[in-house]
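Two complexes come next, and they have one chain in common, chain A, joined by chain B in the first and chain C in the second.
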Partner chain A sequence: MSFPGDEIDELTSCFAGLSTASEGGTAFILIPAMNLPAGCDPKTADALLCPTPRDGYPSRLFFSAKISHQGPGQNWNAAGVVILSRQWWAVSWKAQDSNKRLSAILASHLEAFRSCKK
Partner chain B sequence: MQKVKIQKPLLDEALADLHRPHPFAAERVGFFSTKCSSAENTTLVHIVAYHSVPDEQYLRDPSVGVRIGPAAITDAMARTAVHKVGQVHVHSHGGVGVPSPSGVDSAELPPLSRSLHNVDHGQASGWAVLSGNTGWSSIALPGNSEVETESAISVVGYPMTIVPPIAGRRRRRWSWRRLFGKWNTSVHRFDRQSFLGPDSDMIFASLRVGIVGLGGGGSHMAQQLAHLGIKNFVLCDYDIISETNLNRTVSATQADVRRKKLKTAIVERTIRALHDNPDVVTIERWETGEEQLMRCDIVVGCVDTFGGRRDLEAFCRRHLIPYVDVGMDVQQLGEQDYEIIGQLILSMPGKACMHCMNFLTDEVLAEEARRYGAAGGRPQVVWSNGVLCSAAVGIIADLATGWSRIGRDSICLNFRGSNLSLSDDPRLRYLLGPCPHYPLSEAGDPNWAPL
Partner chain C sequence: MNPILETQTSKTASAAKWAASIDDNKIAISDPTVSEAVLRAQAGVPDDFVVVRDHNSPDDFVLKRDEMVDLRDGNVFYTICATEADKRKACEKPAKLAVFVDDRIEEIGKSKQTGGSIRALFELPGDVALFRDLHSPNDVPIEANAAIDFRDGPVFYTRAVTLVVEISINGRKYKTQAGKNSVQHLKALDGVPTNDILSELRGDKFVDLRDTGHVQVKGGEVFVSHPQSAGSSR
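Our next item is the complex of A and B:
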């Protein structure tokens, strides 16, 4: 599967070292050492974006470790699942990705990890 | 540990090309492309494509009769450089069983092999000799530019060709009797199943089977496979036996419940009671014991969730391992109206997968996610697990020995408990051609393409 060039350009302007691979007919985007929202522990983690439907979600964002945070996404319903020969963790989060651009999908997933407290 | 694997259709394609007559060459050669699955102490070399050498790339050479010219070698090197795959020079000696390289092979091919490997030390390159049903290879693994490792070639398909490690048997004709000649204590044990083939007991003794989930399904599988003669197992389950498991988990006892035994320990006990010195590895979760599972020749999944099946099949496809899925459920149709439904699937690398079979769909995966994968407390009974698992053991026995000669390498059977029937899923009839979800090019370590 190929992604629209302009959407990839948007992502690469924000994140370095992006790569893609597919498994079982689904394409994934790997974002190495992604900076996580304030309050997350660890502060960075590898992220795996699945921009197409998976597990009943319109898209999913997996992390290389379980993240401790104060955001609303606290239900880690994917724990240690193997995708592309590596274990991943994800919270139950239905991203509000109305325009479905890759950057918008990613940003919407990160809302799960942003603390509501000011 | 190193293992070299090829899908049977690819072996057949290579042999068909290598056995074509050439205008002046006595034998043809070709090249395999390879990819690897790597773990800490294990490397699987997957043969993922065959490349014929065109007639015009052969040159007459008085010293050896005929050789391939620089164009063929340049093409092979270009495949490594461009596509990031290893290259293995290959020709056929015919016959059956693991062949031995000739003196000319051993003199002429290692320098070519080193040149191929020098293009990219991150790939597995070398040379190989095929027979009609398997092969011998000498391959330098990724990162190792000097040493080539000799391996027999395991064939994934119907029938499988399972070959034990070749170390210590350099240049000797391979035979099961030579390998297992001293292993005669079981001769009488397997007399009644000798129709499976003269070497079947040794094939089973060499086979390594992974079983994920050791409840009502997995406990049946392990017990019957051990009776069949299989003695190498990787057992995966984190669960402890409980009272409500005793209605269907064979070999489990009340004492096991009182002692809070792990299901893996109960199954291991059964296997050890049937074999001297079996090789049994137990792990709690396959996701954290991937290296053990990737060494298996066949993996059986007796898991509760569709998501678990999807992930396990993806793992098996990546490592070119046939996957057997067994499952059942009791559905309530009315107030006092029940039906037991189940499935038995053989998912062979390259052939229809569980997505192709429409067994795994976005809808069932989404519905399961809505229920958070909760499968606990579902009704289960011993006989339906037994029927499905007995049939699964039959499929594995046929796959390993080819005794039935029917040649089924892709199976989807539906079970109905009310009439105790197992029937072919008609959808499989219309699934022709290779699986689009798991192309052979995606075997081995993931192909991460920079964006």
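Our next item is the complex of A and C:
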């Protein structure tokens, strides 16, 4: 599976070193050392976005470590799962995906880590 | 203006407007050659005071009554009581130069400037254009790299410019005015539902924007919207 070029370009313009990879027919987007929302500890982590259905979610966002934060996404129900030969962690978060643009899906997942909800 | 106080030099259609700084006040003058009487009258200088051209020297030049002066040689003046105007030597130092932008006054160290240096001196924001004030309806904006010579006229003004730039919202390109844009306006451009969150990809971070907020748009910004995600299971 390949991602729309303009959507990858949009993300690449913001996230240096972004790359794509696939495993078992599922495509992922890897963002190294992504800056996390304020209040997160650590402040940066590698992120792995799976923008297609997985584990019963319409999309998932994994991190290279468990993130301490004050946002609403506190249920870390994926811990140390191995994808692309690395361990990843993810919170239970059903990102609303009416806008299926990659950047929108990523932004929606980051809402789980923001302490100030609108 | 009282026509009696007008200087005698005829104006050309594109001649620049002039001004002098007298005791830190802007005195508009139609022509760079002007009599002491005009300066005195326009600045309201009392009879027992004299007008002095500022050379930043103890020998600053005291203008004689009705003497003609050329503002191109220096347009910064102050007044002192005539009794304090002692005898002075010929002043060797160059006279101070002042430029005026929207009636603000700043001194400049040299005659040769650029549009950029004048903008920097007056800390002009990017959304205004700088014009030299001419005796003409067709003033031309001065670009940042354009050469400016004080001797061509020290009076400038600014006008707000509407700069239209391109931004991206949810992958679609839109034109909008540079500068302050409301989040509501940006949402409306792409038909983003009211309850959705609009985020800006700022650097390498997503920044959620408050619906009541504003964004300073320069062009090239990337925005993306998404519904509020309330689907967490704890």
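By definition in this document, the second predicted complex is superposed on the first by the 116 of 118 C-alpha atoms of A that agree within 3 Å, B and C clash if a C-alpha of one lies under 4 Å from a C-alpha of the other, contacts with A are read in each partner's own complex, and residues count from 1 in each chain.
Keep in mind that, in the parts below, a residue touches a chain if its C-beta (ideal position, glycine included) is under 8 Å from a C-beta of that chain, and two chains touch if they have at least 3 such contacts.
Note that the structure is predicted; figures quoted are calculated from it, not measured.
Q: Between chain B and chain C, positioned on chain A by superposition, is the outcome a clash or a fit?
A: Aligned on chain A, chain C fits beside chain B.
Q: Applying the document's definition of touch, where does A:A107 land relative to chain B and chain C: first, second, both, or neither?
A: Second partner only.
Q: State whether A:G73 touches chain B only (first), chain C only (second), both chains, or neither.
A: Only chain C is touched by A:G73; chain B is not.
Q: State whether A:G56 touches chain B only (first), chain C only (second), both chains, or neither.
A: A:G56 contacts chain B only, not chain C.
Q: Looking at chain A, which partner touches more of its residues: chain C or chain B?
A: C
Q: Between chain B and chain C, what minimal C-alpha to C-alpha distance in angstrom results from the superposition?
A: Nearest C-alpha atoms of the two chains are 9 Å apart.
Q: Of the residues on chain A, which ones does chain B touch that chain C also touches?
A: Touching chain B and chain C on chain A: residues 11, 77.
Q: Going by the contact rule at the top, pick out the chain B residues touching chain A in the complex.
A: So the residues of chain B in touch with chain A come to 37, 285, 287-288, 290, 307, 310-311, 313-315, 317-318, 353, 355, 362, 365-370, 372-373, 436-438, 442, 445-451.
Q: Would you pull the chain A residues touching chain B in the complex into a rising list?
A: Touching chain B: residues 3, 8, 11-12, 17-25, 29-30, 53-57, 77, 80-85, 87 of chain A.
Q: Going by the contact rule at the top, pick out the chain C residues touching chain A in the complex.
A: 168, 170-171, 196-197, 199, 201, 203-206, 208, 210-211, 222, 224-234
Q: Provide the residue numbers of chain A that touch chain C in the complex, in ascending order.
A: For this pair, the touching residues of chain A are 6-7, 10-11, 13-16, 34-35, 37, 72-75, 77, 91-99, 101, 103-112, 114, 117-118.
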